[in-house]
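The next part holds the structures, each set out as structure tokens.
Both complexes shown next keep subunit A, but they swap its partner, so subunit B is in the first and subunit C is in the second.
Moving on to the complex of A and B:
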């Protein structure tokens, strides 16, 4: 399947990845190839087969009890913040 | 009554659907063990899962699942024994993972219904489309720095229930009634505190307009309105804006808007091209959520009595009006208070005193019923004093006020202030004789047909006995004496 340029640009934008015209073309071709490869799956007859939702069909979703077992680790949480301000992360101003 | 708005080209109806975001009451977050407490030091109630660190895996909180099911049951909704979690992808600074874990195609709760009551006493059924579990986002502070926004992730990952209504709402009043009812149900169930000031309950409002008999037109979504009053205002303002757009030959674009109460307007919020492209896909970290019917049944068996049921029961069990009963069940604590007073007493009398002087005194002192200085036992004790004739209704008002001030027991106040009702006919007769003798002119007028003057005599006798005379005895004695 071939991917058009506009769709490729849109995907890049949604993923917040900046690409110049040449890079867009490269990515378009590569993603088209991936999609084409995945389309092989369409050849499998899945009529009447329920959609697979995980690799383990026998294990139930593990659940935990409602207890506070984490937190109070502000420094760990903020350790990778590029522009920490006291107890906060900061980002360039986003105002609606 | 149908609510309509008048435009230049005629009459318009409004169509409203509400999405309520209700923060789940739980100790810890939906997928992490960090605390959900409101108002903590910034970024202290955050686990590495909430902060979106690579490689961290979510594990669901059993209690949050139970709360969602309880809420579904309270909304008389279908519980889906199998539901799934999806990733809703978008970039925003309050969402460190780059996606919100939500339930898109398979929510835990299906369709239900909420009954609302309007000011004219009529009721309407508003459909609930679905309820699903999802993560709350963090909080952004925009006013701390000129160039930067500050991020606090304490709220990130707290469980939310998104409760979506059908587009059944037809007026601002109905929207307000729906939200109040939803809040009441959630509070009764103990699944959300319904506190709109702290943001634990918020609403997104979908509004469109149409001419009578038309199918739906394009709607706009007004995001994050945080009070019931603002919801009703926003609906009216947005509906008028859309009517103007249609009538000037334009068309309404489906978009997200923001309500600005200060300016009384709604504004476009996000650029159209990116809107609603969330690229949902099943979260590969989470298997389907499967619950047993037996567990759902058990949760159902332990549900508290819901406001509608309680209201109906109060009417039949205590013989009180639909109106009084509605007032008394507004809050669970109020209903409990009423029941502990009314048990073994006159239900109507209890309702009258509670909704009258007692609530007035609470309002005056600015206290919630939980903090009332006059407990159910004391109010009940006071009612007993009326019933057994120790005091009359007029004096009871004074006793109630004194109880609010001093916290004393009713009988203590009666004894200390000497407020016992005078049933001694001799004393009342003496007072009546005196007043009749001093007001012969009025006696003549009364006997001449001015019936209303009887009230004057009663008032004078009551005054002479400091309000403590038994009014029934006063009436009898006066009648006998005047008519001879």
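Moving on to the complex of A and C:
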């Protein structure tokens, strides 16, 4: 299947990956190839087949108690921040 | 015999008999890494000082008689496991100098069992690849060479650094992770043992996520017995991973050498793919003969949806990856590229931080999950995944374990990699179906091909029945008597 440039740009935008024109074209061609190959799945009859969401689990996954089990680790949490101000992560100004 | 030639089982015994110390054992491996890592690039980070310190502690514990199985055993850790205070990269630029303030459950379990970590091993970026060529820290060289040919070969992937380190005796064992074959295929390419446990057997907590419904940690070693020893230490229920199974961990080592009388070994017809080399077919046939000789009954089984496994995988895995990798935004950790707006910051950070293969998978995943395509791709793939799992359930009514090749070919050259991503993905054709169904699977080296490179066979088992894999794997190992060693290894390096 072939993928058009506009769709490719939209997907790159959704994924927040900046691509220049040449990269968009390369990605368009390669994704088209992959999606074309995947079309083999259309020949499978999936009528009435439930989707699989887990693997070896036959019972529902457990839920833990909704209680605080950890905390007071502000410095651990911020230790790897590329930029911080006091106890905060920083980002470019979002609201003018 | 050099200390680096010992198996984990032999070294554990030698340490207890005081034939050598843990410090001597660790230093032998650290020296071997110093001599060979420049060439093989199996390790991204070597933690020599921490390792020597941990080994000294191991010696004190051994002397005090307080020494669990892996005490003093030098291991390599795939650089996808978060290790407290030691840089963890996932072989990506985007994580920068990320240094986890916590320890993954699997590595914490190994440390509690006394293991010594000598370093963090190389991998395909975010474990996405079958060659280890996508690492931002450079390719890994397979320690094997073809006869009379110096072409550098890939170690397989994604756990390529772990496989190369173990094959070259730069670690006694290593952790790997397997999403679609990332433990088994590199194990086969490097002539070692690789075990992907049942999904849920090892906790995923603290392991950097690729595709969460498939990712599973496992051991890579030089013998099946060593894999059994390592798995026993790695596995177990963990409340911090809701998909981790609350099922007792058996004594895997006791399964080695267990009688195979009357065990039914299934040979799936669909794995006799057209185009399979006569050589690989012959190795597979030999494996069947060895197991028959060991007392097994050989039965034909059918896995009718095999041919849809790869395409299903290449929808499910990228879909989950696109979601998991959304967290790399340049704000809370990792490398950041500045931008005038928040979106520009994200887009630049993610463009520069991710390599080409990772970007491609995020984009495919974004596409198959996007409005208008979700049902046609993702939902359909999930349904076919159900059919693939039913295939295995049915096959395991007639058989107790399945035997197949691990990979379609032996290792290939760095410059022989197919340019077309789809061709590249075909490497995983025999390993992906078991991943999709969550089955445990083991790769055992069986013989050398005509060019002198190792070929492996794969055993696939029932959910949570790693013991049968270990029992059959140890029989296969014994019958195959695979004693060949690679060109580049500790003490034998040119």
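Note that in this section the second predicted complex is superposed on the first by the 92 of 96 C-alpha atoms of A that agree within 3 Å, B and C clash if a C-alpha of one lies under 4 Å from a C-alpha of the other, contacts with A are read in each partner's own complex, and residues count from 1 in each chain.
Everything below uses one rule, namely that contacts are C-beta pairs under 8 Å (C-beta built on N, C-alpha and C of every residue); 3 or more make two chains touch, one makes a residue touch a chain.
Keep in mind it's a predicted model, so treat the numbers as computed, not measured.
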Item to complete: With the two complexes superposed on chain A, say which partner A:91 touches: subunit B (first), subunit C (second), both, or neither.
Response: both
Item to complete: Would you check which partner chain A:46 touches, where first means subunit B only, second means subunit C only, and both and neither mean what they say?
Response: second
Discussion item. On the A-aligned overlay, A:76 touches which partner chain: subunit B = first, subunit C = second, or both, or neither?
Written reply: both
Discussion item. I'd like to know which partner A:12 touches here: subunit B for first, subunit C for second, both or neither.
Written reply: second
Worksheet, complete the sentence: subunit A contact check, subunit B vs subunit C, more residues touched by chain C
Discussion item. Output check: A:27 vs subunit B and subunit C. Expected answer is one of first, second, both, neither. What do you get?
Written reply: second
Worksheet item: For A:62, is the partner it touches subunit B (first), subunit C (second), both, or none of the two (neither)?
Response: both
Worksheet, complete the sentence: The intersection of the subunit A residues contacting subunit B with those contacting subunit C is 14, 16, 53-54, 56, 61-64, 73, 76-77, 83, 89-92, 94
Discussion item. List the residues on subunit C that touch subunit A in their complex, please.
Written reply: 96-99, 101-102, 198-200, 213-214, 239, 242-243, 245-246, 305, 307-308, 311-312, 314-315, 322, 329-336, 338-348, 350-351, 354, 359-360, 362-364, 366-367, 370, 377, 379-387, 389, 420-422, 436-438, 463-464
Response to the item:
subunit C partner, complex, touching residues on subunit A are 7-8, 11-12, 14-19, 27, 30-31, 33-35, 37-38, 40-42, 44, 46, 49-57, 61-64, 73, 76-77, 79-83, 89-92, 94
Response to the item:
Interface with subunit A, subunit B side, in the complex: residues 26-28, 32-35, 41-49, 51, 59-65, 84, 89, 91-93, 140-142, 144-153, 258, 269, 274, 277, 279, 282, 284, 286-290
Worksheet item: Can you name the residues of subunit A that touch subunit B in the complex?
Response: 13-14, 16, 53-54, 56, 59-74, 76-78, 83, 85-96
